[in-house]
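The chains carry the letters A, B, C, D and E, assigned in the order they are written, with residues numbered from 1 in each.
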Amino acid sequence: MLLSVRDLRMHYKTKMGYVKAVDGINFDLDSGESLGIVGESGCGKTSISMTILRLLPDNAEFKSGSVFFDMGNGPVDLVKLDESQMREYRWRGISMIFQAAMNSLNPVYRVGDQIIEAIQNHFPQVPVDKAREKVAELFELVGLDPSRMDQYPHQYSGGMKQRAVIAMALACDPRVIIADEPTTALDVIVQDRILKEIRKIQKKLNMAMIYISHDIAVIAEVSDKIAVMYAGKFAELADSVTIFKKPMHPYTYGLMHAFPSTVGEKTDLVTIPGEPPNLLNPPKGCRFAPRCPKADELCMNEEPRYIEVEKGHFVACHHPVKSGEVVQFYEQ
Amino acid sequence: MKKVFAVLMLVVAVFVFAQTVNWAFLQEPISLNIWDYLGPNATVWTGYVMGPRIAGLYSYSDVRFDWIPALAADLPDLEQVGNEWVYTVKLRTDVTWSDGTKFSADDVVWTMNTVRKLIVDYGLGGNWASYVDPDYFVKAEKIDDFTVKIYFKEPSLAKANFGTLMMPILQKKYWEPKVEAALKTGNPLQTIYNYDVSDEPILGAFLLKKWEKGAFIEVNARKDYFDTGSVLTLYKNGAVSIKNPNTGFEWSGYGEPKGEKQLELVTGPYVDSIIYRMYLNRAAAITALINGDVSFIFNPLGLQKGEADQLAKVANVKLISNSVNGFRYMCFNMRRFPMNIKEFRQAIAALIDREFLTSRVLGGQAFPQYGVVPSGNVFWYNPNVEKLSPGYGMSSGDRRKLAIDLLKQAGFKWVVEPKIEGNNVVRQGRGLIAPNGQRIDQIELLAPGAGYDPMRATIALYVERWANEIGIPIKANLVDFNLIVQRVFDEPFNFDIYMLGWSLGYYPDHVADFFHSKRAGVGDFNAAGYNNPEFDKLADQFLAASDIDKARELSFKLQEILAQDLPYVVIFDTPVTEAFRTDQIIFPYEKTLSGLQYVNGAPTLVKAAK
Amino acid sequence: MLRFLSKRVVQIVILLFIYVTIVFWLMEALPGSFLDKYLMNPKITPEIRENLKRQFGFDKPVLTRYLYYMKNFLVLDLGVSFSYFPKKVTSIIFERLPRTVFLFVTSTLVSYAFGYTLGKRSAWRRGKVIDQVTTFTGIVFWTIFLPLLAIFNIWLFGVILGILPLNQFIDPNLWRNVSFSAQDLFLKLLLNAFIFLIVFLTIMIISRRLKTINAKRILLYVSLIGTIIISISIWILSGRAIYAWDIIKHMVLPVFTLTLYSFAGSMLVMRDTMLDVIREDYITTAKAKGLPDKVVRDKHAARNALLPLMTNFVISLGFTISGGIITETMFSWPGLGRAYLEALSQQDTPLLIGLLVFTGVFVLIAHLVADILYAFLDPRIRY
Amino acid sequence: MVEAIIKEPLWKIRLKLWARSFKTGWELFREKKLALFGLSVIIFFAIFGLVYPLYPSIMRAVFWKDDPFGYQTFAPYDPIIGFDPHIMNHPSPPSLRHPLGTDPLGRDILSMIMYSTPREFILGITAALITVVIGTIIGASCAYYGGVIDTFFMRLADIVMLFPSLALLMVLSAFIDLTLFRLALIIGMLSGFGSITLVLKAQALTIKVRPFIEAAKSTGASDAYIIFRHIIPNILPLSFLYMMLNVTGAIFTEATLSFLGLANIRMSWGVIIQMAESSGYLMGASIGTYWWLWLPAGACITLLCSAFYFLGRGLEEIVNPRLRKR
Amino acid sequence: MNNETVLKIENLKKLFPAERRIFTRTKYFVHAVDDISIEIKRKESLALVGESGCGKTTTGKVLVGLEEPTEGRIIIEQEDVTPLLYENESSAKRYVLENYVERFSKMTDEQLKNLKGIDGIYAERYLKLSKDETKFISELLENRRVRVWQLRKRVQMIFQDPYESLNPRMTIFDIVSEPLNIHEIGNLKEREDKVAQILIDVGLTPPETFMFRFPHELSGGQRQRVAIARALILNPSFVVADEPTSMLDVSIRTGVMKLMMRLADEHNMSYLYITHDLAVARYMSNSIAVMYLGKIVETGPTEEVLQNPLHPYTKALLAAVPIPDPEQRRGEPNIKGSVPKPINPPKRCRFFDRCPYAVEYCEKNDHPNLVEVLPGHKVACYVVAGEAK
């Protein structure tokens, strides 16, 4: 297994108490595989990637869990590494495409130089011209004109910046790339192209990918496995077809049916009542219980375990949705 | 190696044998060009450095300020020729310029005539005017190499003896071509002012060596200074004698040079060089004095109380205090009511307890002053003026009562009459009503703010309070110095009362300048608008006097009139306190009017200690 | 860029014109005049004063004088000073400029360098001890009344500890026997600093062309140390090192005081901008790239936060006269600020106008330099 | 129907919520130890200044009960023309009669400091208020209208900023009689038309482009309504902050001018220091000996100025979201 | 009543001056909205769809008076409101002169009487004033200030970003009652009642817990509800909704969408629904107009357009929308390049550069007009319309 995350917990300390942003996350990822994490804003999906890379702000507190990562010489628990060892793993082992790609390029340096910096940081012996060749290769790979590498970020359009960021993520041939909302700010046609590009590169280089998005449609396009996250926990994890065809968690179910689509019949959209819980003070039992039409006493009091119901299909629910069942959500 | 050693020895030798004194300046001199200095740019700092460079036909003696010959060999002979008065002056024959040239009558004649010409034709201004008044001075004439005749329209102590005959003499050889060249330019005066004079031959004792702008000026003693070695003796009986064993020059005057000697001085210079160091604030200069970087501080205002307190504790620093030739006063605008009422002025004068203010409030930084001639100017000062001053020597209660009586005498009334018991004001007066029934609203007392002079500011506030206590509605308005000057001199007398100060020359002709009714115009010095025909007559006589004793008598009378009429209430004068390092220098004397800086630090007499 | 510059220059000229006009009329409105000091001398009669007035040009109507002034200003002639009559205002300014520039550029540089370093660190370690201590001390020094701080430092270092020379800017004992003037030396020091700057910039440009990080570093250090050694040895060989050292020694105390007093300003600006920059995504990206903390802080965060600081720096250089008034007085440093104070107390209007106008020109040039620098530092800005 | 839904009177809810938001604000503020320190110092000075009238009467009752000289004659606790005749040498060190000693003119230093305190407040706050009112209104209008108004005021700001302010004030002191209030007015206007306008305009520009302005416009709001209801309330926290910092600037400027002896202010902390300076007690060699002449006044300046600064910066971290902790 | 046209836009143009160059005479303009026409009937909604920068938001802003139209006519409820959308009087006067007076003065009485629609109404008024032009103009511009104000009541807007469109310094009550405040409706008590009522309507119950909170204390969905409440409090006949749900989370989004539909029904109003999301448009509108570079390239009933897109751009757009179903594979969006900037666009089909089907004809001719190919379904494409081969 390339990456396996076990019982990962990370909380933010605030004046009012702990925000339980990542609260017991488990998943595995193999080379060539892609995992999509879908969830609403504030559910903690970005915090997962930050916890894995250990790029947490001051007020974050790591609680428990381990992140085993295999660079080819046996799994290492990233959590236990010290800061300088950890630096070795960043970008070489796991690199990232950030949420706001527009802002993840430093405006005062040339785009090419920023990529070369990453390369030279990890491979100091590589001279500049070799690194430039590599950058040119990467540019071509992501569909950018290599002659643009001596331009500054502001001279790029939004889509180009996104490509440059992807090229940068690939600079050190990482094993895993975490793409956090890689296309959110882009128009549909550009988004479509970029998603295809990433997918192609992933296949070609046989990398593992983690996509993080709020848009289940985007995730569906690119992921082999999809994890649905709700309030700091995974509600359900399965391969993408299963999750669409046989969602077992009521939240997944609601999400699937809340999405308008341009194709197929115009069905009535589901509205999940209420608002996502405040992670400062999440409900005692199942975190979805207050909004769940199937919730009962048990759900309110006892937290459901995250179990593998079928092979590769994990659900955390006391009353999973059965195949073919129609769940009726009540509006306020 | 030997060479290095030799240089090293030389350096050591210079340090050991060359005697240098360091003096602190608080501002940098502007220019050593005498035309500029006596023209538009007289600053006291320039004067300190110029002093040891220049010499005139006559000068003042040390300490006593007797009028004695310097470049002249004797006192002048005065005779009337036609309607002109001629002063015949014999020159000393033993004087050389610093370039070795012999000093001669040509220099004197050229200097005097050129200055007059520049004043008349080109408007050469500034202090040259105090030496040459074209209304009096006519011309100078060479009789032989060492005799000159100087022609005046009238004989006048002020214009001749204490004026033209004291002016610095310039070298004709050096200056004539320069002045001629300048006269051909578009702006001759500016050209003359702009000449670089670092190579100018001088008659004085100290030649400029280096002027490092902003940091220091170094001057070196002349070996061939004409006065070196001469012995000045002042006798108790008033006689003065000068003897120079080196050149054999001898002169004596003002009586028989015998009896008890008051002072005997042998002219140096005793030091090889003087370094004037520029410090831009007093604290810095004083720290330098404490550290021994400098031996003496030039400071026209003298040391402040705190500085003196501090320096008194420092070993090897000696404090000396001398009275200053000047006074601080309150001036009434006698063109306005009620300042034109004599009793009103006297009432205010009576209220001002000078002794309390100076000794207590100002902590002894000032001493009371009653007349318009400072008491330190012993020869000219009339000691009677004190007694003539209203309220002199009274307690504070009596002063108030006197003031109230004076006002009542003049017919003033109050809405609420002030009541005094003992020294206390039991009831404050309110609503002063003039004899004509008019209510007096407010009288403005302009005084400089505490930033310019805390003493005057404080006194103005005290005057305000004392006056208010007996119901005189004076309001002290502490404003910028320039604002007072503008309101007093530029705008036509737009003031009620103001408070300023004068610093004066030795010869007290200022009394006439300040109070003569013909000087009461806009921008002139009789700002009070004082107009007293009797005074005017006496003042004219005083100005015309050519005999010192007669002049003194007239001056005493003038002082007495003023002490009663009170266009000015003279309040106090400050002593100038100076400090020097006794382990570094020795001054020949320490008591002298306006302090040692008034004689430029006595550069030809000062000695290095050990 | 060129178009922007020309536009800016036109703007500056117009601003300057208005500014000079305001300054001129303001000074004209001053009550009293230089000649008032003769009011204190009863020997100088009103007629003589009239004479002097004519020499100083007071007799002409003010409008004529204004037009005349503007005409002269166009050829950079600021007229003739009164208190140094008939010296030209420009020559007085030029005499004092090197001293002021040398003192203030040095202290501004030191204070900004200090503020930059501290601000950078305290933002990076926000809320930690270093942050709180620096902020607290910075603000306390920032609010100490400058004259008191100066006097205290003089007392402590000059009087009590006796380790630094007091007052003045040179030691007369050392300088009385040399032929050159301190002015020469100031100019040479400035030239040296300028050459140093040029060398530094050239090396920066050259080092960009080098292949590996180590090579860049070596070139940078070797050449910088080399330049320092070379310039020091030139000073020593020319025999003037001791005099230069004397000036520098005298500068330590004022520079130290000014730095202590003002480092908080640049530190707080740096800290605030840095806090802003730290939140940017490219900082997280840089960290994620595995770059060491120091590199992220200095190369990515501080480099971006430098921009507003740089502008502040250049503009603050323009205000040396204001700052100089107190400092130069307290430390006996005869520069422009002191000249201003003296001119004001003497009512030397031409010098006052000249100094203010000169400051105005200086500030405007500083603004222009700031604009250009900004364009160099921030590639996003293209005028 | 609506009444049925709303159970409590609305004003009560309003009040409660207002109190709550004040409480949360206070809690946020309380975290900033330095700001808290600043606030307490300011409050201390405010009280210190307000109780001044009590001081002379207490001292009179204690020390001048049966005084032959007469308290009235010398008014020993008058800050401007007071004098204590019982003490031979002024300045005298702190004693029971004069807790902070006397100055060279025999005045009581504590009395001078207390008397000056409210004046420093008035000066600082007036100047700051003028600055902020001018800066806010002009900044907001310039940002909102742009065009000629903007150009005019921006060029004006450029010119005002060209003047070195201290140097300019020194010149002005020559022909404007710089009383406390006029000084406040000038300082306020100088920075109001100068740098503050630029900062506030920049801030107002960011507000101007935010959609809620468009929302208000689209419902028909007038220009004045938008400026005063939307733009100004949003830049007000920043204005307020600059006000805090400007108080410091004004007090400092006054002290400097007084120190140079250029302001016509009868008594202030700067004047106290100037008094020590001009009478020669403020110099390297004697500052230890005569500490009471300069230290209390100097400490007051530093304390009050830094207090406003700390308070300002503390508030800045609260009102300025970009400085808030994540 | 149901068939009444609420909004009619005719040939609306909006040009923004682009970079000014000193030395060239040519003026550069961004053709943000370039000659579009739209009609919306009461209670119906039109979705304006397109990528960012296509001019859809500008169209909305013109309608609510945030931008001045450059050309064109806007009719709201049988009234030509265009003169009211101009900032100053003279532009409004010029508009009336150019659009009515000059035209009418050339016509005979007969012709005038035969005019239809809005022209007819104005022609009648023109005749009633016995063709007195000055009177006509002054009548049209009469009370312009007041009428501008009243117009604002009838047209409201909901903005995209619920975090930015509410003033953070105002309470919810202040925000929602602001329109009442501006239009001076009711006293405080009445306003409070009205606000409470509308808050209940948008589902923020109980209203008193929300009324005096600040926006940052609410979640995104709640804020957007507040924004809707503000837009509806004046009972407008027509609302411009600029991507009101694009910033909301999925689980909340449907709630807001449904709320908007319900309120439209209850309040008898129509939406101009601006969105980039075809799927959302499908649920929120009766008809749809696809915009590209300031032009409408296709329009028709929503379902019809989505099921049977004709314009190559619409096709590409549809193909690019990800489908939340891994088993359904969609077609490839078959276009090249990226959106250019519409600065002085050349005279040819706007889509020419990117069109996979473009032929020479498309380059030679100006941008095609909308042609009705199917009933109610118009498309602006020479190839589809069969004009070019």
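Observations on the model:
We take it that a residue touches a chain if its C-beta (ideal position, glycine included) is under 8 Å from a C-beta of that chain, and two chains touch if they have at least 3 such contacts.
Remember, predicted model here, so these are calculated numbers, not experimental data.
Minimum number of contact steps separating subunit A from subunit B: 2. Of all chain pairs, the one linked by the largest number of contacting C-beta pairs is B-C.
If you average the Cα atoms of subunit D and of subunit E, the two centres end up 52 Å apart. Taking the mean of the C-alpha atoms as each chain's centre, subunit B and subunit E sit 90 Å apart. We define each chain's centre as the mean of its Cα atoms; on that basis subunit C and subunit D are separated by 29 Å.
Looking at subunit D, residues 174-175, 260, 277, 282-285, 325-326 sit in touch with two or more other chains.
Contact of a single residue of subunit C with at least two other chains is seen at positions 30-32, 126-127, 151, 154, 158-159, 166. Not a single residue in subunit E touches at least two other chains. Against subunit D, the residues of subunit C that register as touching in their complex are 15, 18-19, 22, 26-27, 29-32, 126-127, 132, 135-136, 139-140, 142-148, 151-152, 154-155, 158-159, 166, 268, 272, 275-276, 279, 319, 321-322, 325-326, 340-341, 344, 352, 355-356, 359-360, 363-364.
Here subunit B touches subunit D in the complex through residues 282-284, 286-287, 290, 303-310, 360-363, 396, 423-425, 449-452, 454, 458, 461-462, 465, 478-480, 482-483, going by the rule given at the top.
Taken in their complex, subunit C has these residues touching subunit B: 30-32, 36, 38-46, 48-49, 51-52, 54-56, 80, 82-87, 95-96, 99, 151, 154, 158-159, 166-170, 172, 175-176, 181-183, 328-334, 338, 342, 347.
Residues of subunit A touching subunit E in their complex: 40-41, 157, 159, 187-192, 195, 214-218, 220-221, 240-241, 244-245, 254-256, 258-264, 266, 269-273, 275-276, 331-332.
Residues 1-3, 5-8, 10, 13-14, 17-18, 21, 210-212, 214-222, 225, 230, 233-234, 236 of subunit D touch subunit E in their complex.
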